[in-house]
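My structure is below; once you've seen it, I'll send some questions.
First chain written, first letter: the chains are A, B, C, D and E, and each begins at residue 1.
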């Protein structure tokens, strides 16, 4: 298992390297350059040239590429963001935890809600509950996140005064947060993250519930379920002990795959709810041609895919002895 | 060598030192660390119109032999001479042409038929591949073959799922037969069928063989069926043939302790004949790390020291071949050399 | 049947023409100079009419044929059911799936018959002073936007974009994915390794960011480029699926049998592997259409989709989200249109899977 | 004094206005029941080197009259700042914060004249080539170090360093040298005489030498100071969370006395609808540049007061004069007449805007009030076009000439809905007269790239108005290739007038020259001047002493206060 | 049919059991009037081809028939207790405790994600109030009892680490953990190799005498039947067609189907010249059983009567029941059937 994990990580290195290279040339091929944000009659062309020189943009592309790669490989250095006037690393270290927070909660929501509803629907197959949740799940699954976000924002974040229960943007109440008690701060964070994580997580939860239902129905037909019943176990033990663990295994894989999806879903959710995360950094970087930032952000997105898959594999091995012990 | 290809002097298929090793990759660089020795140096011959039974427990490599003989998988080593031509090194085009004379029938009548093709297309596919006749002639040939295999030609446009297991197996046989091959590998053709259907298929196979002078390599785990249908029987254990003899001879006078155990394990549908059986201890070892010396020694009731170290050699008693140190000692009277 | 097919084709052509009248107008202009013999609106009406007639003809023919078939079936009532009739029965039994199919059918009809259904021209602006931002009424079912355009008509026409993008992008993704997956699955070994690494890499590309960049590169966001991009960014799942199918089918005995018969690569792939992979491909394709439509909507919402004034549901939401406080029904209706379409496709996909997947049929 | 700045887009604003907030007491609206207040348009008075004592007295009044301290102001802003160091900042939010943190040598009065700030007084030498500032001796950096003339000189040297890339480096082009006379006296020596010497000398925030002298020029773009500034202004930097907020708190040691509000927080919300929502629900207290479509709903809110300020920018439809289609003046005039600009203002701006007749807006002293105009008149437009040979000869509804149809593409940038909407309206309006227009909305970087390369037929863009009257960068024929004369307007007579007017020290004479120049442009119509939008600002009504001025909504931001009983936070 | 054999106090008795599946395509009569009695320590073999209803009848005894299946009629008496009248809770007390079951596929019948110890222990703990430790000790003892070496380490292994034979031993250990009165073995060796089959059957025989269980053996393998069972019931199309002691059945099969079955399988040493008997046609679809005698379309001696009239299972000879119109005086209608 260890060699397997190490191997997977080793394999992903050239993959990420290739990703970096393609992204590098892609973003440089795009029209414009980072100094376009200084595009302004106040600024002499000479001043823009100064900026280009400071950031080394006047050098041939090949040289820039080699320098960049050298920095990344030798010093783990991702350069300076021209638009944000700070090291790329700093900006990412500030934004990444926020996105992780959001995604993690969305993931939690996705799993708890999705798995819970999926189990109930499977156990009560063809019941009213089953049909109702299936249709509801499908509706949320089919809803674009920007639209859901917009509707939630309008309904619960001030559009309708009577139901103004949640703040419309940000991570904390920026004015009062500091003067709050620990519990109050926690509550403050909770009400701020609720709508964005709901928007991000509910579609995925709907997807998971559909999968979960299907998997559990599949597992319920397995021979070992019959064996368990023949032992005289109660239906609850049969379903929740013998069935659930097996049905959860494919869900783990899906979860690993959904991690990067949550991350890219964050692009839109962060925009709608003003959440200070990677999604916004990514979009800004692309539009502003903030080369270093763009590359680093995309590298992280790429790494997220690798990590998601790896985590799924490891978790899978943890619950499935067939993989763990071979 | 007297019973080699006993009935006909002409040898149709000769397999020599066939080996099939599957590499096992492990570690960081996925280096080959071991081989699964599915088939390890076996040789046999099949004469024109002869049936050779190949029997053994699951995982002993009998199916691999069947597939290697037809070069559905490439053997690691050894030669397969079919009508004098070495199949193992034949170029793809020539091999394809050769396939007209050698065919295969599979075990699972559900998985062996393409569910998206009609019976006519399945049976006629071989004709289409080898460019036999035009469309109309081919349909005629298909109908003809269906008739021979006990299928109503009216069903030519139906799909496999519309048939029962026995009928599907007939379709599989018709597919193999339509090119009028000389040799058919029957890979467990009846083991997936109901008891009452098995006999229909066995009888059909026997009948076809006699009618068209077919040679079969009949692979099965059911000793009674193999013994019934075969001229000669080879018993395999862990990738090796341990005994090869005329089928009645093998039943009457099994020499190898494994063959003896196998025979005694087969339940006989006659309550009056409840017999004392030799029970083999344990399970078949993994072909990944087969035991040293004689591969059977870990389960053999007769095993002696030398069995652990030295591989037994072929002992040929009037065409009854056996690979066993103990038998060798009993028959030749001399202790096996090391 | 052939006539129906013809109707369908003509309808399809007309639909494309209608959707892309800007592009077409440009082309026609170049071809004929200023002398286009008829206006595009006429053309749109013409093809829609042809389509309608074609559909009618197809219906009549089909009902005739099926009557005949029933009579035949009566004669040969014995014997097990044909595969497709089982599938059909399974499918029809699933009420939700039928609902999905009906939604999709209705949407396609709407898309084809826009000129008849939409009460107004979707891009024509009314009296911008008197008629803008009207509330829903009998004349304007969903009111008017700030250009005094009829929102209902815009949503009707918006169906064309969503369905077109969904269908074509998915088609591209499925074609590409099938080809790549087939090669990887059939050849296996190092070919497979290389291809799958590539697939992994493609999966690591953040779709949205890539699309933003490429649209900037092409300096143009024509619908075709958006379709191509969405297609190019979403084939990987299909590739994995097809590869897996091929790998599994290669183990099946009928594949071995075909090899034993001496079948060549082409026959093995196109006769044996591909047809047996079709079921999951169709199911995944149907489910994928929904995702594609969502992606297009998201792009439109970010202002990266279809250029105005051509209506697409995504850009109607984008366009009218500023009206959320007051004319909230406009973004709501466009959003619901997206949801209903995607729900329809997903229901259809689920239904198809349940009907086609023998695992679940037992 | 008109300088025209920046294409506005995507929140990537540049400011040249707000470097020095200043004040005049206007009406005090907060206690009146009136909730929509028109900000009085106060045109600048040209080169105003002398003090305006009336404004200055009003400004100082606050610190001497009773007011309550406390409470927090939350300002909603769509984009984050990039840097809080004036040398490296490029985004508007950054400039707004810098305005609170740092002092410049002077403040700007509502009439654009200069008021004392860091400099108590100043005077020119006899030859008007040396400008001496006398600094206050009671200004401290927030870390306790005194602000001196050395800081001023240091700042000047950094501003002109080519290795830093200060955005408005050009403003210092005629300053030869900055000399420290003593700790509190500093002298600027000019190369030549021109009207804007004072303005050029004072532009830019004064920075702390004792901190920044350790930073090499090349590292200025990434120095920690950009994110942790130490200023000397009324507010001191407290915290900056990227993409979330920037918080500043009252500077107890401010020379003029502690500002009333405890804290001012700039809250970043990347979405217009969301911002409006928060304004409505009270999550933010202030928002400037509110999209007009939200006005009605927000004006209904009891707690908000609206300030409508005169426009400081205009949008235009520029014609590429290199394109044969637009080379005829008459055609351009006809195109202008085909556009119903009042309708654009009515429908897209909800009437919050005016039609500009030329590039110089009324808030500028050199504004020409009676320029020739080409009001909406499709009939006349058709007639003009017919005179130029554009007729519908084949009866297909489109004009043509020599077999060529009158059709073109209009480009604009994404992210500005009004501009995108204009394309759609204009398409419809041109259809009326038989001209086919295709809209093409491009990403901003792509759009300006195309403009630079003259790869466009027509384009909708906008300029915002700067402080100096100078039409060179946009209209001068020298600016066609590497500057901002996208449309390639070339008029030798205009060039001559412009070059002379810039250096004309007699403002009355200069005004005449500028008027003439504006007439030329209005006549030539290289642009169709579409609209000049009014700036809509909403403030929570609890804030007192809110004085919005033409110079900027933040003219007296440091003086806003809230009565104790109304304090929210 | 009433009593099959007059034996004293049957351990388990099934009377006129009917289990139907209500599918969308129609009613599948999977078990259609099955009766048998099984005495303590005795083995009854239920023989038949796939789809004849033998497995369903076993699951019916356990009351493990899931929707759309339903036991529509009958009595299942376990030592006088009618299981069909029991509540689900009572039934759970019976399952795995008084009646246990082992299945055909040892591969899929064990839950892959739990250790075998865990799975056996579960059976003990659900029925007996014992501590974890004790349950574990008993589990290890049980594993040892089914002749798995190194029981102490094996107890913590997972099913996939074991061979097929081993897994079936685990299944047996699990089934016998609570010392049941009745063991239902549903094709226990079909998936195994012959040498392993011999091991397993040997083990079962040993355990049977040790625990004094009654065994209901379900199989299609006539050889197995001959070797281990005391009495045999032959099923065809959801009904029993012949029922008698093993010795009697093999000595004189009376029903044409039984005869066909016995003669269509090659036996070891059978000369190749001897043709195998063939039962023509196919096993009928349980949705559409033939009218009358369900075997009539394939029966060599069928007459018009067989198409219309369903033969009852009757005692054609002392201790020998069969359902055929043509059995007279204990003689088979097929010539040369008596061996």
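Worth a mention:
Simple rule for what comes next: contacts are C-beta pairs under 8 Å (C-beta built on N, C-alpha and C of every residue); 3 or more make two chains touch, one makes a residue touch a chain.
Treat the numbers as computed from the prediction; the structure is a model and nothing was measured.
Counted as hops between touching chains, the shortest connection from chain D to chain E is 2.
Between B-C and B-E, more C-beta contact pairs join the chains of B-E. Here the chain at the heart of the shown protein, by mean C-alpha position, is A. In terms of their C-alpha centroids, the spacing between chain A and chain E amounts to 54 Å. Between the CA-based centres of chain C and chain E the separation comes to 54 Å, rounded to the whole angstrom. Remark: chain C and chain D have CA centroids separated by 48 Å (rounded to whole angstrom).
Residue positions of chain D with contacts to 2 or more other chains are 273, 280, 443, 445-446. Counting partners per residue, chain A has 30-32, 150, 154, 159, 271, 287 as the residues that reach two or more other chains. Multi-chain contact residues, meaning those touching two or more other chains, occur in chain C at positions 212, 216, 219, 321, 324-325. Chain A makes touch with chain C in their complex at residues 11, 15-16, 18-19, 26-27, 29-32, 131, 134-135, 138-139, 141-147, 150-151, 154, 159, 218, 221, 260, 264, 267-268, 271, 282-283, 286-287, 294, 297-298, 301-302, 305-306, 309. Chain C makes touch with chain D in their complex at residues 22, 26, 29, 33-36, 125, 128-129, 132, 146-147, 212, 215-216, 219-220, 303, 307-309, 321-326.
If you check the complex, the residues on chain B that touch chain E are 57-58, 164, 166-167, 194-200, 202-203, 206, 221-225, 227-229, 247-248, 251-252, 261-272, 274, 277, 279-280, 283-284. Of all residues in chain D, only 272-273, 276, 280, 291, 293-294, 296-297, 343, 346-348, 394, 396, 398, 400, 403, 405, 407, 414-415, 417, 420-421, 423-425, 427-428, 438-443, 445-446, 450 touch chain C in the complex they form.
Residues 59, 62, 64, 92-97, 100-101, 103, 105, 108-115, 122-123, 126-127, 158, 160-161, 171, 174 of chain E are the ones that touch chain A when the two sit in their complex.
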